[in-house]
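These notes open a run of structures that come right after.
Each of the next two complexes has chain A plus one other chain: chain B in the first, chain C in the second.
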Partner chain A sequence: MANANISSVPIGSEGPRARWKYLDNILGRSGPFTDPDWVPGETVIESLERAKLLVIGAGGLGCEILKNLALSGFKDIHVIDMDTIDVSNLNRQFLFRHADVGKYKAEVAAKFVEKRVKGVKITPYCGKIQDKDEEYYKQFAMIVCGLDSIEARRWINATLVGMVDENDEDSLKPLIDGGTEGFKGQARVILPTMTSCIECQLDMHAPRAAVPLCTLASIPRQPQHCIEWAHIIAWDEERKDITLDTDDPEHITWLFQKALKRAQEFNIEGVTYSMTQGVVKNIIPAIASTNAIVAASCCNEAFKIATSTNPFLGVPDTENYMMYTGDEGVYTYTFQHLRQPDCPVCGDDSRARPLQVNPNSTLQEFLDGLAERPEAQLKKPSIRSEEKSLYYQSPASLEEQTRPNLSKKLNELLENGEEVVISDPAFPTQFKYQLTFKE
Partner chain B sequence: MADLPPPVQGPTAKEKKYDRQLRLWGATGQMALEDSHMLLINSGPGVVGIETLKNLVLPGMGNFTIQDSAIVSEADLGVNFFLEEEYIGGFRAEHTCNLLKELNPDVQGNFITEPIDSWLTQPDSLKPFTLILAIAPIRPELLARLSAHANATLIPLFYVHCVGFYSHFSVHLPSAYPIVDTHPDSETTADIRMLKPWPELLQFAKEKTSNMDTMEADDHGHIPYIAILLHHLEEWKKGHDGKVPQTYQEKTEFKTTISKAARTNNPEGGEENYDEAVAAALKSLKEPEPSSSVKEIFKVPECVLVNKESPSFWVIAHAIGLFYTKYGVLPVPGAVPDMKARSADYIQLQNVYKSKARKDVMEVLESVRFLERTTGRETVIEEKDVEQFCKNAAHIKLVRGRPFHVVQAGETIKWGERAKSIAQNLTFPDTLIPLYIAFLAFDEFVATHDKDRLSGAPKMPGETRQETDTEKVTGIAFKITDDLIKEAGTFIEEPDYTAVKERIGEFVQELVRAGGAELHNIASLTGGIVSQEIIKAITEQYIPVDNTCLFDGVKSKTEVIRI
Partner chain C sequence: MKKIWSMKQKVAQEEAAHVGPKKKRVTAAQLRVQKDLAELSLGSTMKTHFPDPDDILNFKLTIDPDEGMYKGGRFEFDFKINQNFPHDPPKVKCTQKIYHPNIDLEGNVCLNILREDWKPVLNLNAAVVGLQFLFLEPNASDPLNKEAAEDLKANREGFKRNVRASLGGGTVRGQSFDRVLK
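Moving on, here comes the complex of A and B:
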């Protein structure tokens, strides 16, 4: 290794550390907030260079995170991303050029940063985080996430919580997570099982309320209703043999024209191609500036955790969450998000969460509702009671067998106060609810 | 209704590339960005300015120029992403400029390697620029020159520090900096005027509620909630001398009345439109009164005394002020929230609001035209600008930009009218005002220390002697604090005074620890915030920082203070 004989080189001099002159001011000097027992210098540099980090996502946040970690002195970085580069990424994903469109993000990003920052090794994996097992995640000191999907966050969170072994200090992997929308964003640090986890914080990211199907089908009022109608109803009726690809311009154009026609029938104004794309792909506005803020905040915490050069977010019983708002002046709210004792992922308490339900609603309605519940957000739930299997998404035979239950009312299937267990293929955890009937 | 235009081709290449940002600031914001030319005066390790530029080149700022006379050293490679090994010994301005240009072929980049002292003294050197970003350390006489330029030409000037785990920026905006398109939260923008209905709206409500009691269930469940609210308001007035609910008790009673009017003898056990009416009941009983900050705008001299040269904002604001004086409300914005309703009813309701909004716009426009004539204004204000202004009238904002501190060696820092409030806030345990004072002390140190006489580059505290410099800067910071307290004519009692000094001491210690170094993460984060602010200043959208922002990377917190 290039830095094996670091200890023989005085900090800040010419030689191998000349490049890190600025960083070494911080690594080599104590400050007013460093621990009195902390010894600046060689050992700190060593632990920084030894730390193996995993970055999940090589998009808007990921590009920034890779650059930041490399220039924070980390040497061994892995990155996972399954996506390829699209032209609409180029306004912020600065490691990609026009000629890279269509290539894997993780590969292009890794190569670029390795070329710019000499001495850093970046190992890309072009695929899904779910392809990897605990053995894989065990090798890292920390995981930094720059994702746009709640599902992926929940999966890695549950996996890391599940990996914690009380008798093995190394099994606890700090998870640092960033997210943005427009001029707003957040950065948070999670010490699995010790501090509030992604699942505990799910209510911070409540899903938008879905428009009822009957509005789309019979009484549209907004241009978005017409687009959703084309997307959910018209496509299935007229093109059910073609799989909808929201990246295919022909498909978007078809939906746009369908939506436009419907809007004209109802005298609704405002359907545009851009809006069609936005609704169908659930596009969240994104800019380089906000990515820079959130990614750097995440990497600042990673750096502090790896080096102890200053206190970090996420120390148990202190602040672990920074919310940033930039559309009205600049405002940050940095606070401690508390662990939820009944968290289905990290809670010690495995009792079921109480939930009031309408006994007259059908099982189907109940399951649809779970997708919108901020603390559940389950898209493909399977459900069983203490007594029986109520509905299973797979295997196909069981699905067929349990399908009739979907149209039955809850009070036909369950006793008042009965517990149900809900699972979803997207998550390694189960959700337990105790259902009590509303009067 | 006339046929809509035939579907256009898909988006252009440019719209595709900028799709994610056009959804924020739109085509007009993008045009403003493309017309801008920013000057970066780079200094120190020089990272924060380059990181700021990265976030502006990517979205397509038209033009940028980097002034920087530094030579690329090995140390640059450990902190600046836009440099490579082969450029060691070359000009930092040139190579950062070239690598930034790679990010976006639509952007023009230029560089100036001449030292700032001589370059800035040339006449018209600042003329091409629409915005200036100056990075500390910079000599006070140069910063003062930039400040005077910003004052004279009304272009925004940003001044940024980025040292170790801390950063700061101040912005000097024009003294009258108005914003129409503030992008308010969509939840705060609904303005349905239940207490100030106009005849067409009352007629609509009457029509939709005329035979409520005998309606089929499905019809009853689809009465738009606005009609329900108006119907019950009229009923209430009949029993209360023509008055709407006044007290909290009456308002609650009104809400209960609506809630009781919902039909419950159906499978759902209620009606969604009635739920919506109940939810909106209390809010709809509030007078549609503009906020005090908007009313304030109508009273400022720029608005009252419109002349030939007045920017269009003030002409329109004056006209809307007249409208407000006449009717006691702002023009109707025209948007109707989505609600449970049949398509045709909803569209009809939407048209009632749209027509009224249109009528109000025409009235304001008439005043605008009158003002144009009487003041002899040469350029005609576009109708669409008046329309946009009327739509956002409740959310317009006026920022009073002002110069920030330029620390001159040996001179006492003046806080003016801000002294009292800042001195008061100084004792709050979580405030970052002590960090601001530490940065002022940092500047005073820079103003009085040279690296060597030949290069003339300023020296930053802690570069070589951490302890002695900490002592020096702490001493300066304490003096600034005492001067501030004195100027405020106040007194901080013990133990608060000691606590304030302790906190200042800690900030200074951490600042000097860095020895003028930038940490890439803090530079990148600060570059992100500053670039957001620059985008706001250029597009004249959203609400800018007024006028100083501090970031503490130890605690991951920001604070905005008005200096």
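Moving on, here comes the complex of A and C:
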């Protein structure tokens, strides 16, 4: 082991860093895993304190993550959550009190942690991650997710992969993703464009268990079947014109009573209001200890990435995924999830290539030109932007509807800098280009 | 943090010129649907219709079975795909009131791959083929319209007559159906 450097940071129980005594043992000395050129002490502490982190989600995992990061020495933390506090959150989302019910999670969580850990600044944003653009995400050193939605994960993943600019070190944001479901959970680290991304790993999410519709309709066996029947079939039959709002107690009560009546017809016991709520909102019982374990693992990785004190999960060609199962004893397995070469988000051909085009050329001319490009050589390309179906070869009806676009000029169809995706039946992958106009 | 970028340099990806902040990006669900549409083989019995051609996540599919008991009818389905596709299956509903053991009067469809057996590896073509199959081989053992299923089980010829009557907009067991003949 290398000689331990003597730190200039006071280590002891007195002074302003008394709270960080044990942290300083790690930050103030070289260790068996530190690089030879790594300098312990003030610079590392400074980089930890200056690292601006974004936490997405201030729920079960989010509360744990915010608390852990603040207690790990991070000082500048932002948090996004669109939700307000529900009374059912209070058993595990420990930053919230009864008086906070109805308030925004991000705001209350930020205030609570700021009050308990002096010197930490937590900036809340109460809204959707989709409200923010690349400029916003660019300000952070890394992003830690405690989300319950696959859709939100896919969005932030695609955004971070798309942000990577080969000429700008600052554009690469490590993504640490925690997730729990009952007694199971995972922590994974993604280095966008370098290692397997969330879209590559989409098959790791367990599908939502579903019961055949005909079982619901004709031979329900469980109370849940009666509730699903009320949810999927009875509501549409009787209240077609009302959009179901699963947060509206009147709507849940209606479903509950329908389900109860049906359960009585089939001699099924056990339908309750809270079960109705659970089935309709797809609530999976959250286990506080699972959240604590997964959040701890995520924050451990965040700390190591920020300080370079120890090797972290997600180094290219090493393990990047830790799964945890706690329903029978304790089991964890850490492995390397490989990149998918044909991943639609980070795959070899899926990253947008910059391409200069003449805004006055027609879509047809543009497509003809593409056929000659060596990497494309497209025979029957279909092409779209986020907003527009520019041209589709099939199905026939869509071909007919989009055909008039072929004679339009590119600047009539697109804005300067927009991304287009081209697919061709001859290729398994899709091509993306970011088109910039140049006369 | 510095360390990650030096690893990145080692990975050494292709050179790409910086062209300013990127604008709107095609979503992952759109990407997948675009791929699925290219692989869709509709044959002569099926057609799509896109009410808004720019929105490929919402469309209608018509099926004109060219054999079986439902031959002569034209059946319309509404496909709604959300941003969670292909993790979530497409939501499919029949827009007409028809007499079929696996489709209820509200248009709900009981097809395993549209619900409990959906997997992200399945594509829109699988869904479309599955729907077409329902008209060739209506299945009495997984009923969504119980009366129709009982008719099919009890008396296949009688069921056929009921189908013919319903396709023409007639009444079966006191229930009137939409006229769906071509």
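As a convention for this text, the second predicted complex is superposed on the first by the 307 of 439 C-alpha atoms of A that agree within 3 Å, B and C clash if a C-alpha of one lies under 4 Å from a C-alpha of the other, contacts with A are read in each partner's own complex, and residues count from 1 in each chain.
In this text, a residue touches a chain if its C-beta (ideal position, glycine included) is under 8 Å from a C-beta of that chain, and two chains touch if they have at least 3 such contacts.
As the structure is a computational prediction, the values presented were derived from the model and not from experiment.
Looking at the shared chain after the overlay, A:26 reaches chain B, while chain C stays out of its contact range. Once chain A of one complex is fitted onto chain A of the other, the partner contacts of A:308 are limited to chain C, with no touch recorded for chain B. Contacts of A:245 after superposition: neither chain B nor chain C is touched.
With both structures placed on the common chain, the touch criterion links A:360 to chain B but leaves chain C unconnected. Looking at the shared chain after the overlay, A:131 reaches neither chain B nor chain C. Within the superposed three-chain model, A:87 lies in touch with chain B and out of touch with chain C [touch as defined at top].
Legend: residue contacts after superposition of the two complexes on their common chain; A:412 is shown touching neither chain B nor chain C. Look at A:274: by the touch rule set out above, it reaches chain B but stays clear of chain C.
When both complexes are overlaid on chain A, the residue A:202 reaches chain C alone and has no touch with chain B. Residue overlap on chain A between the chain B contacts of one complex and the chain C contacts of the other is empty. Of all residues in chain B, only 1, 3-4, 7-8, 10-11, 13, 15-24, 45, 51, 54-55, 58-60, 74-75, 77-79, 81, 84-85, 102-105, 164-165, 182-183, 222, 267, 338-339, 341-344, 346-347, 462, 466, 505-506, 509-510, 513-515, 517-522, 524-525, 527-529, 531-533, 535, 542-546, 549, 553-558, 560 touch chain A in the complex they form. Considering their complex, residues 35, 47, 51, 133-135, 141-142, 150-151, 154-155, 158-159, 162-163, 165-169, 172, 174, 191, 193-194, 199, 202-203, 205, 207-214, 217-218, 232-233, 236-237, 305-306, 308, 315-316, 344-345, 350-354, 382, 384-389, 392-398, 401-402, 415, 417-421, 423-425, 430, 432, 434, 436 of chain A touch chain C.
Residues of chain C that touch chain A in their complex: 1-5, 7-8, 11, 13-28, 30-32, 34-35, 37-40, 42, 47-50, 53-56, 82-84, 87-88, 102, 104, 106, 108-110, 112, 115-116, 118-120, 142-144, 146. Per the touch definition, chain A reaches chain B in the complex via residues 18-23, 25-26, 29-33, 64, 67-68, 71-73, 87-88, 90-92, 94, 97-98, 116-118, 182-183, 187, 219-222, 249, 252-253, 256-257, 260, 263-264, 266-269, 273-274, 277-278, 283-297, 299-301, 303, 310-311, 313, 319, 322, 324, 326-332, 334, 360.
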